[in-house]
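To keep things simple, chains are lettered A, B, C, D and E as they appear, and every chain counts its residues starting from 1.
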């Protein structure tokens, strides 16, 4: 029975996807209900798994899908971290998406792929082998593509093309890397790093470059970040889920897995790979922030912010040592909830006030105060203002850098925080302090079903990101959970 | 207060304002919360008075497993701040009663208060940092409360420097905590820093991060524009209590007891430079609130100069902290009272204006260190750790302090309504004046262990007060001949800096615009040029004869490969 | 010996026919003649089969049977090929007539 | 003596083949091809393969020749002169080198193999069980009956394929008329053809019958029948049937169906396509007759070509 | 009684019946599908290697039918493909349909003929019998191609004839040299001498024409592109596989003794070129069906690229079998879907597909799923196949082969996502004619089957290797040191 729980995690979104595909637009209410119910059920299931996992129980489902290659789903503590995040945000994003589109066209397709996306993200999280990971990683690419091109206009199509070009090329590199390594050392399970000693150093380095390069595309590492800002052509709920959880996180999570589970942090350091990766991540952090400052389109600004923020995770992964690992993992969660908040708010603003550019943001705080309040919390979190969650991540990343003897990390974090302020604070300034430009009436955010469903999800995640920081030491908080993982000897 | 656990009291000090802040968000209740402002600091006041030194309380779920504690120094800071916040709150409750943004003001007031209290009682760096951020960033809305362009400009300067300070502090704490083996307790960090092998960078990050808040020259530029921009009660707490957060941070984190000749001397130089320069700049202002703000920079320069001396000489904490706490208390209450006084000046009843000016003069003289006043008490105490040169400088600074405060007296507005000012405001002001003039005496013994003796060596003190006398004479003379004070722009270096920044930003935008456009051209790749030869290629392969030839060649090739 | 020589002789003839057929297939640029060339090649293959199955007294009946099968298969395909050639010519013809008609009007 | 004859025969074969391919005139090439086929038949006779010789002359030369001539005639009628664009001499030289190389390689391979009758003996030991004498028929209808079965379907499939390309309006009509509509020839050929059809039937029946013991068999018989039908149609003695004529369909599938049926009947005895002991010859002959009938009809229709719209039936004879 | 001969005979019976029973195609097809499905299941349950001679006539005289792993995979796949394509064709070639009556009448006999030919080719081990089955397939295939374009069909026929002649030439040499044409007997007798080598080269050349391996592919794109959709599906799915399977039987079983590594590498090299050329051409096509047809050219390349890998470490044999099956099913699905899309579209060009994702979501989904398999993205049969092949290549240190396969996958993504993107584009939903449910269901079912293959990889790989010829590497993993050595040598 327990062996099938991991399967159940995948089945729920699959069934939801199938139902969504099947129900015609005339049954939209049924579809909405289905989506929400399945998300809730999955949340309950994840809750159960969390309790079990805290007691040290891991769930595993194994199937030899090709000779010598096992398809392994393993729900361990680190997987649950990501699963919990995606499940929670799935529910939120679903509610938001329902309100965002109201009763627009092509929603059967949208929700179907949306659910497939969640399935893939869950699969990525609970993959027990490199090849399983790859399968879901690719599925994710495929499931997100229809969402990126959902609008069907020229911009979306270009974005879709760029997206695919980048991600599929990355996947190919990743596949080549894992197969190559597998050919040398046998199956790559995410349990304990295999013995890499017989492999020549140069080969190991090359494979590492392939793996990281492949994953770096989705994680939007420099110089593979180009797809992400373009993918902003997608509807807001997609951007929200894509950027917060699904795609970029899958890449970052994969890099964590590669560094800690395939190579082992020690080997990475011995090979002299940790530092270059950390440099690359740092460069991405700063570059993404700089580019974000230059953007006028809100979503693009957020996208470049994501480029920057996701590299924090990579940075944490590349620095040897448990504290940095905690930082990386916890930022995985924190960035998720903060960024989804920001995107949902941006979407709500675009949807209700047709605000798309930073320069149009004047007075938005008066027109949609709740939304802008949520946005503010998210933005402050991104900057690293305590007690919002971003602060916790940065704290651990910085400590991790110092622990590893890389004090320059502090400078990167500091510089990034300053740049974050530089691109977020003007937004807040305009929204709260300048008078509205147009003749928009204030939006009744809390009355009317659609409005409420559009506004409250962001408020919930904003509060969650506040809570995750404020109550960082509370049992089951992301930080505590991550510490549990690391204390259990994982990622050492 | 029997029956109340001191630890709970202590935590209530921080959480009570937060709870009130949440109430401010409620749409109906929010604007009315302004009247509850005086209630917000009461737990803090109670804690400062009743909670015994050494009270600790762990907050295991919060942040990074933090905690709060109280000791004597902290109690002084907390108590002083609580008094000021209470009375300023009372003042604000009336002052902003009909303000259209009352709810927002109340919200941020409470948040800043919570942060301010948190800074003083934080036992660990994370809690301190969070509280400090709360103080710094949430004070921004207070600064720009009236939304006037000048305020917004001031706010912008404020927020930029505050963020930079936060970041510096963040780095310092991270490095300190790492040096302390991962412990985030303030005590551990300080002890580690006092140990051998500490990176002076940490020290400088701390000084920079906290110094910005405390108005350390030359990082002070935000202060003379931001403090006056806020509404009167907010200015009072900004100058009186909030700057003390920076001072408290320095006291709490700097490694007392070990000698840091270079860092200490540098800090001392910066501090004392501020003491004089800021005062002189302040004397050249025309807005009384700006004058007061410069005075704050000057006074904080004094404290930080003393800190620098102590750092350079390796003075132990016990010999320094109580004294500086006392001085901070004195300055906080006095400056708060002066700010409220500026607010009162325009509403004071015409016929009792002399009484008002008397009160203000007393406050000013006390601040400048007139013998027998509370200020003299604090100044005398502070000369101890300041060393010989420091003491001399402090003594001489009475001249500049006197000048700036004299300038204040001349710039006070003199509108003369014919009805009494609201009693709440009146009460708050008067209470604060009393507190300012008496509190150092009341707590002196408790803090320094000896009873205050303001009359000892009185003659010497009077002689030593010559710079103050000179200041009074100069001021009087200037007034008598109708000499105008020189005019300096608010925020001295700010304007040139702003112009430079504007230029830089313009350049930057020009750059980013070209960047953006080139961006578009690179990221939208054009369709590859249509290959005109496709048809020909296809036709060539589709040709039967060609296929047959290819077939023959392939078979032949295969054959030879097989042989 | 003679049988051996006879067998080789016909087999070699078959080999040459195959080559000839291929040459024709490549150089002749009309489908009908290519069809013919293929048949020549095919005949060559059959002849090779027969020649190499030539025993001292008899010819192996097994390849004989295969050749008969081959011949029938070849004629079936040739017939279809011819039909296709005609059909294509009809289409071209009709298209040309359409063009001419279009040109007149 | 015989070797010399064979050598001359081979040279003639090669000559006619070369002529059929290298002549500029397509019609000339076809004529030489028919001669080539007949010479091949003689070659097969010389190899002692009478069965093959019959098949080659009847099918390889005869039916294929008629097919090609008819196609040429119809192409000419549509204004296609069946001319090839000349290829460049260099190209021809290059191709010649390639083909020469192929010939050389093949020759070496051929010479490395010594011709022998490899399976004759083995077949001879098995023949008595079949009750027939002609080993080729034995191979075709017993040992390799599976090949033959599939082959009959190739033939049937080819006819269906020809149907598939019927022009619009042509389905399910008759093929274009083969009748040569000159009044003088009509009477001559007409009379001739009326006689020839029954004669061909008889001859086909004979060929099939002897085929079990002597050279001959279903394919040869079927071809003769087809020839008879074609000549009859040519003379206008009979009209070729419509493609959807159920009688025609029945005749077409009769052979393959009977083959299949008897093969499937074998399953009852254990194996597909195994004949019950004692009934071998009877069944083989039954299959052969049915096949001959079907093959005859199929070949005739294949030569006649695809169904065309009724109006075109008359035109086709031009 | 055995399914081996019945699988060949049953479609022939249906061919006869279809010629006699004019309007009963519907019930006939149902009966045929049921029969063939039952027989296929029966076939799969046989032990690998089960064989018997037809009619009881022993080798070398008789014809041996054998169910090896390859056949046990391919024949059921044929049943699936042909059966579902038939369901689709039932409407296209219904008496009331628009297709010309001749095509309606002729399609069904040809369809059964092709079905029989495919089964016969996969089941027999007799080289001459294979010649006959090749011609059965050619007749049916050319006739089906002629339903679209007579010119292309004529080209196809002549080239195919030439290929057949040369195949037969090789058979003649083999028969004369060894006195048998049975692959199983030849496996024990064959020697690497001049005649054998020449025979192998000639037969292979002839078969490559039939399999449309670059540069002998010229006939394929016009023929496959022009034919009616169900015909294209059968042509690309079934017919090209026949030539391929015979080549496999020659190189790895019958004449394995003469198959030198150099020869294998020549084929592998041509396969690599085919992948690249076919993909690049597909990218440049303007017409949808031509694109899909060129995709076949590329995919055939994989089959031959695998040749040099078969004997080495890894599971290249299973990968090869897998790819044949996966491509058959996926390509059929794609052609059927493309057929439906083109019926609804304004024209044959890719650009004419705009908006179809909204108008016919199920069909576009089928196209997309088939594309997933063809691109080799998980989870799909195509992925499993490519995975095994790349894995084998890397384990043997053949980095270039691996790279070509991965690049081929990327190029496939480039050309296959193009029509999908167009289908998603636009804002208007074109009005499409109503379609019979079975017409929509057929490509979808096939595409799903291609996808599900990816989940059945283990059992199917076992099946494929179960009856594999002796030359295929037996699977114990070579010692670690060996592979490392090869890899490192490759590095240097």
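The definition used in the following text is that a residue touches a chain if its C-beta (ideal position, glycine included) is under 8 Å from a C-beta of that chain, and two chains touch if they have at least 3 such contacts.
Computed from a predicted structure; not experimentally measured.
Student: What chains do chain A and chain C have as common neighbours?
Tutor: B, E
Student: What is the touch distance from chain A to chain E, in steps?
Tutor: When the steps are counted carefully, the minimum from chain A to chain E is 1.
Student: Between D-E and B-D, which chain pair shares more contacting C-beta pairs?
Tutor: Pair with more contacting C-beta pairs, D-E versus B-D: D-E.
Student: Relative to chain B, which chain has the most distant C-alpha mean position?
Tutor: D
Student: Work out per-chain C-alpha centres and flag the one nearest the whole-protein C-alpha centre.
Tutor: A
Student: Approximately how many whole Å separate the CA-defined centres of chain A and chain B?
Tutor: Taking the mean C-alpha position of each chain, the two centres sit 36 Å apart.
Student: For chain C and chain E, what's the span in angstrom between their mean Cα positions?
Tutor: Each chain reduced to its C-alpha mean, chain C and chain E end up 28 Å apart.
Student: Please work out the Cα centroid separation of chain B and chain C, and write it as a whole number of Å.
Tutor: 100
Student: Could you give the separation in Å between the centres of chain B and chain E, each centre being the mean of its C-alpha atoms?
Tutor: About 76 Å, centre to centre.
Student: Check each residue of chain A and list the ones that touch at least two other chains.
Tutor: none
Student: Chain C: which residues touch two or more other chains?
Tutor: Correct list: 11, 18, 21-22, 25-27, 29, 34-35, 48, 52-53, 62, 66, 69, 73, 76-77, 80, 84-85, 87.
Student: Spell out, as numbers or ranges, the residues of chain D touching 2 or more other chains.
Tutor: 95, 98-99, 102, 105-106, 110, 113, 115, 118-119, 123, 139, 143-144, 147, 151, 154, 157-158, 161, 165
Student: Per the touch rule above, enumerate the chain pairs that touch, sorted by label.
Tutor: A-B, A-E, B-C, B-D, B-E, C-D, C-E, D-E
Student: Mind pulling up the chain C residues that touch chain D in the complex?
Tutor: Spelled out, the residues of chain C in touch with chain D are 2-24, 26-30, 32-33, 35-37, 39-40, 43, 46-48, 50-62, 64-69, 71-80, 82-87, 89-90, 92-93.
Student: Please give the residue numbers of chain B that touch chain D in the complex, ascending.
Tutor: 549, 552-553, 556, 559
Student: Considering the complex alone, what residue numbers of chain C touch chain B?
Tutor: Residues 22, 25-27, 29, 34 of chain C touch chain B in their complex.
Student: What residues of chain D sit close enough to touch chain C in their complex?
Tutor: 2-3, 6-7, 10, 13-14, 17-18, 20-22, 26, 29-30, 33, 36-37, 40, 43-44, 46-49, 51-52, 55-56, 59-60, 63-64, 67-68, 70-72, 74-75, 78-80, 82-85, 87, 91-92, 95-96, 98-100, 102-103, 106-107, 110-111, 113-120, 123, 135-136, 138-140, 143-144, 147-148, 151, 154-155, 157-158, 161-162, 165, 167, 217, 219, 295, 299, 302-303, 305-306
Student: Of all residues in chain E, which touch chain D in the complex?
Tutor: Checking each residue of chain E against chain D gives 1-2, 5-6, 8-9, 12-13, 15-16, 19-20, 22, 52, 54-57, 60-63, 100-103, 105-107, 109-110, 113, 116, 120, 126, 128-129, 132-133, 135-136, 139-140, 142-144, 146-147, 150, 153, 169, 173, 176-177, 179, 193-195, 198-199.
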